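In the two complexes that follow, subunit A is the common piece, with subunit B as its partner first and subunit C second.
What follows is the complex of A and B.
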């Protein structure tokens, strides 16, 4: 689809600004811009090392936000927040792995000799899913739409970034995000989230998490390329019999117009704490304003009627 | 030592999950074809009876707003907006006491609601950043501009009315505040609905009607509380309109949105809302019976104001409840997907 230049409030194009497939950077006011950049997080090769979490914290100088032991498998950071911009989810399931073959060669199968039932090639009813979550840098970003100060803005790379010197901590973006990404840092009252390493991108570097990921589970690049790569990867997995594999946030026709950071998952999104069918809340905003207008008129009508009826009441 | 490493190649990001690289998928079928390839074999896929979540953690982040500031903001905005209308009408129909009370109340509530908004900011000193831009996509931006216009007008209207000075300017300000008042009372519905909070978002068509109804109830209550009974005919009528609109719209919303409406009748939110209903009923009956009784009238007015506040607190807390419990985010979205694309694999041979 050809990119369209849309400015909110210019009438007929308003819909295009709030839903559907579109080029966010062009819409954000950059007629000339680099390709849209994003992440493809392929959870099927994630090993749960949390290098991304650490690299993100270190590069962005994010403060410590609680050292707790949750007992939720290996997950102690629990979810994305103001001071956790990459979060690795761990899910332990009583589900069979197709055939967990680590590809290790034994001259002699010592495990089998020991009578261990988990010898290579045997199925076990246990699998461990790991997935590194991040801000989705939505095509239609609710956080950005609702921000009253313009602190949240669209970069030339099509990503969504908070300007910390503008944010006044109104907190509106927080419940607006359908993924529960952005949050308020209690210490300074402002909202924070992943910037897709805007500083690094500006000088041609890849984001810290992608750089640190040892298995390339986090892949960074132009979104078009990533989508192609993801499609090929999905086909490859399906062919190998991993029928559970699916892409999440890949479809530009979904409720947020596609994610700038999308995923390959091995189970339903909600298993990973992701909403199964997120919709940008501002999609319904034109209708909301209509209802508000009618309600305001109703109030005026009610008041007028009250003065008419009030003579006898 | 890995097989591939011996050959100098590591599968890296091309490693295939669950099966040895390059091996056929036949190992995946077990227990009568219910393995990975199950669905493709046409094995029945039973729809989930219950929902799954990630350790029962919420999917969305709940609002960080404090209830005193923001539920108060919703309540006061409604009171102010509707009171401006009542004040203007009272002036036009020669009810000076009701006019003064309503205008003063409108201004007071407007100032307090602004104070609540500023107080709730993480960085109150940066409040003026709200007026850096104007965005129709942000009800909070629209609301900030609205209040920036409304509060001074309400202030001038009240000052002129109470002091009796500058009647012309006072009249213009009264008209201006009566014009903006309905917007002040209703836009807050878009403010809370324009979020991913299930109970708030799903109720967006009815919410503005609940809000103007609740605002009218509060403004009527203020008139009944502070103005003499002889001037309060319109207040009583407005109470009927307010309570009726609010209850009817709320009923309709609850019935329409189904599951996401549960928090409106449960927990803290449900408690506040029940209290709001009772107070509305009591206040309304009292107002109609106390047409000649100043004390009864004033008490009913207080009940109506309290009813409006309780309703706002209830809606606020119900929203938080729906945001905290992942089922309200996940189940309706699942249902939507299921309705859009029925699961494959049901075709019996």
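What follows is the complex of A and C.
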């Protein structure tokens, strides 16, 4: 069960924890907690099988949400939403993968070449990118900050979970998410998103999507380990000449303090429909309050001055 | 592979992570291409030209593994003088009888001897051995699935030239046969640029030899052609030349369309095989067990023990009733009177000869070629039993098929009584899967089936039980085979469902494994006797229940054993993980290289040892030379790794066993917009069509023939990751249906512009059989190519959809025809010709009229496309 008692009545912590590398579980009120858990989704080995989408829906009993032929390559589930918590994007590109020469060099040592790590999809000037998107479980989660009921809470694993029996459907969290992940179901108005399979984590199991992923494109584990693994993978790809490869959401100094679910991408984030520079939407709250205070003081001062001046009149 | 076998593809990814190069050859750019190092788009239906070109490259540039080829293949064997190749006869081999559309294989023989097929069409030689006249119907009925093991008969000693110089030795014949498959010719036929083709040749040959091996993976993209078996044969020739058989990292993997399709050929659902690839007897007059064994089994190799395998099988089926005096009930076995494949069965339904039909996990109204013929056949039955998870189209055609819509059929007039019986899923029952590497893996029941759903084992067992009860008092001889069956499997019930008496699947496995005279479980097929003292339901599976333990249920983690992982599941035969692995060592018994060591001869201990179970007599020295009169396994020399072949060698050239030629030759598909550039012969001359000619199965003109331009595009049917085969397991499930909710076709932007097709709009695809509509997916993943100097387009058609379920659409198989591979009777649905037009198709009768209009425009008659 979710530790509701810890959360209820606890408003957003605005004491300087909205920026930078912090330990969200400690911030969330768990002095003694397991390591922060997360996803590293390595899109360079994703085969687009959508097993993650189906495993997620099956485990979490999410309803089918539309039989729509979109024409968007092989993507008919369109994006993350209230009833799609894992989503595989398909991007067809007229673009060669990095520096690997796709042409024929008849005098090259193919054996030596075969010994090197291979770049994904060296296919002349065409490639098909696939990437499984998910809630980022931000270090600084605006959805959680703005939730007035405590339905959204930080777990002991550092993940962000919405509780369906507490959510009152106010919808504040929807525009607060810098990634557009959390979403309301039209039927009941409540907000839904990936729980990082909190129920499975609680009994020592990995999330359904990671379990189902045949190529380990979705890796689950302690975030520290995942970051190390991702750094090594990135270095290997760069070595192999895949200059475009990059990590997304890996950096604890980014606008959301780093993501609990981060990615290895082979192109600009926008190509995958991800914001290039996401910022926790509640970042400016403290300074806003300061401004409010100043403004209020100014207003009061002005009123007083006017009052005083009026009296003089 | 990533599309249809995403779980298996993890191992390709793992190999890739270790440096393997992945080459993907496919007309379409698929999920597999996206992860491959090289994608080679080729014109559908031209793989023999492509692979033959690599064979030519390997031979012409001396890239073959000579020591391996000389020692382990029949490269040096000299052919009889009367053999004539396609080079001599404008694209056909000697022995062609154009009137009968068959080959007489006698001119394909080794010098001075007769060879019998390892598998495939063994019955070809029956009359030669036993005497008498063989009817055409029997001859054509075939030996079916040639995969798995098989035996080969040889009388006499082959003449071999180890220098490979003799002009009639197989190596030289091979060289001449493929000499015209030059890179330029390959490119002209397949549409693959010469540079890309050469890159594949180089990568493959450089990655083969002593230190390295390459493997091939194929699926129905190779098999579903009028020359499907020869596609795989071409790959086999290549792998033999490169030394990639019997060695780790080598081989040719057949990826199956369903779980345990391998299992359903080992213990067959095929009409022409008995368990363990023992051939089904033909209706020869007065054939008894002795003449069956004499006619079908060779003197040399493990197939020489076929009598022991057959008798043990008969004992498993008929138990105490099977005695030496009654030929162990050999006469209880049905006899083949011709080919009884799926498509001949449809013809028999239409003719009124086949009156009842069981469909168990099959949806032919969608998934089989020429879906309309399938439905018309079913509409002419007396009864039909459909066992499936959902109400598939094959269970509801009588009320909602296109024929009902057009008025061709009316529900009231259909006499077929249709029974639908819901089936349990694999998670709801115990059982085994056999994968493509012949490995059995046991699965345990996880949940009880819902409602009336029952396992196939439950259904079959209780059906048999009830039939036997009804026949109990019968004195009719005809009923003896059923009444004498050993039909005594124990049953169990769970507390949750006490009403279900589920047969114990492990009891069936124990019978398949077999037991000795004392009832003790057997551990090896070498223990089987021909005197009736042993029982074994499938000789190649003998050992799967050794020591009374379900070996298929073993799940010892890989990290707790060596890399061969022999304690994960169980592989036939004898838990060998790589077949013919004697070939992983050189003729002296030493590994070809340390890097690729698998099994080897231990001189001190005088036995074979290694990582895998040796697929060889454990104590037979590499230097063993058999005595002249030796038979069975004794007759194989210490350098004969291919122990199921009577000459112990793998075959570059196949002197017997194939109906359509000893060497693969490129022929165009039954329907092709392109003429055959290699030979005057356009199509496989012995492709199976004559029995299939029907007004609802017309063929189109090809190549330069008048009317061919009416169908200018190549179309190919295939699967996508989102759905499974004819949709019975996926279209009815919301989570899968929403991933690909509608039938669509894939076309290139260039073709879309040429025909005015609108992305996400509708298109109508037409052949001489039917017209279907599909949503249009315009994608650069479809590559236009240059073939024979002209621009050629493909229309891609995933074939999963039908009217029922959540994800719906027209079935692609309305377009396909019944021209078949002559060896295995498989349909050619991977390469045909079509037209595509924007907009939705007409409804009802108008739809048929559109097809008729196309037939008239193309000048199609009953004869079109039936030429030899």
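The rule is short, and it goes like this: the second predicted complex is superposed on the first by the 248 of 313 C-alpha atoms of A that agree within 3 Å, B and C clash if a C-alpha of one lies under 4 Å from a C-alpha of the other, contacts with A are read in each partner's own complex, and residues count from 1 in each chain.
In this section, a contact is a pair of C-beta atoms (placed from the backbone, for glycine too) under 8 Å apart; a residue touches a chain by one contact, two chains touch by 3 or more.
Model, not experiment: these values are computed from the prediction.
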| item | value |
| --- | --- |
| Which superposed partner A:68 touches (first subunit B, second subunit C, both, neither) | second |
| First (subunit B), second (subunit C), both or neither touched by A:216 | both |
| Touching partner for A:45 - first (subunit B), second (subunit C), both, neither | both |
| Which superposed partner A:235 touches (first subunit B, second subunit C, both, neither) | neither |
| Greater subunit A contact set [subunit C / subunit B] | B |
| Doubly contacted subunit A residues - partners subunit C and subunit B | 45, 70, 102-104, 121, 123, 127, 215-216 |
| List of subunit B residues in touch with subunit A within their complex | 1-4, 6, 11-21, 23-28, 30, 35-40, 51-55, 57-65, 81-82, 85-86, 89, 92-93, 120-124, 126-127, 129-130, 132-133, 135-141, 144, 182-183, 185-187, 189-190, 193-197, 201, 204-209, 211-212, 215-216, 220, 232-238, 240-242, 245, 288, 291, 323, 326, 329-330, 333-334, 336-337 |
| Complex interface listing, subunit A residues touching subunit C | 45, 47-51, 53-54, 57-58, 63-71, 73-74, 76-77, 92, 94, 102-104, 106, 110-111, 113-124, 126-130, 214-216 |
| In the complex, subunit A residues that touch subunit B | 8-9, 17-18, 42, 44-45, 70, 72, 75, 78-79, 81, 89, 91, 96-105, 121, 123, 127, 142, 145-151, 166-172, 174-184, 188-191, 215-217, 219, 233, 236-237, 239-245, 266, 268, 270-278, 281-282, 284-285, 287-289, 291-300, 302-307, 309-313 |
| Complex contact set, residues of subunit C against subunit A | 2, 6-7, 9-10, 13, 16-17, 19-22, 29, 31-39, 195-196, 198-199, 202-203, 206-207, 212, 720-722, 734-742, 744, 759-760, 775-781, 806-807 |
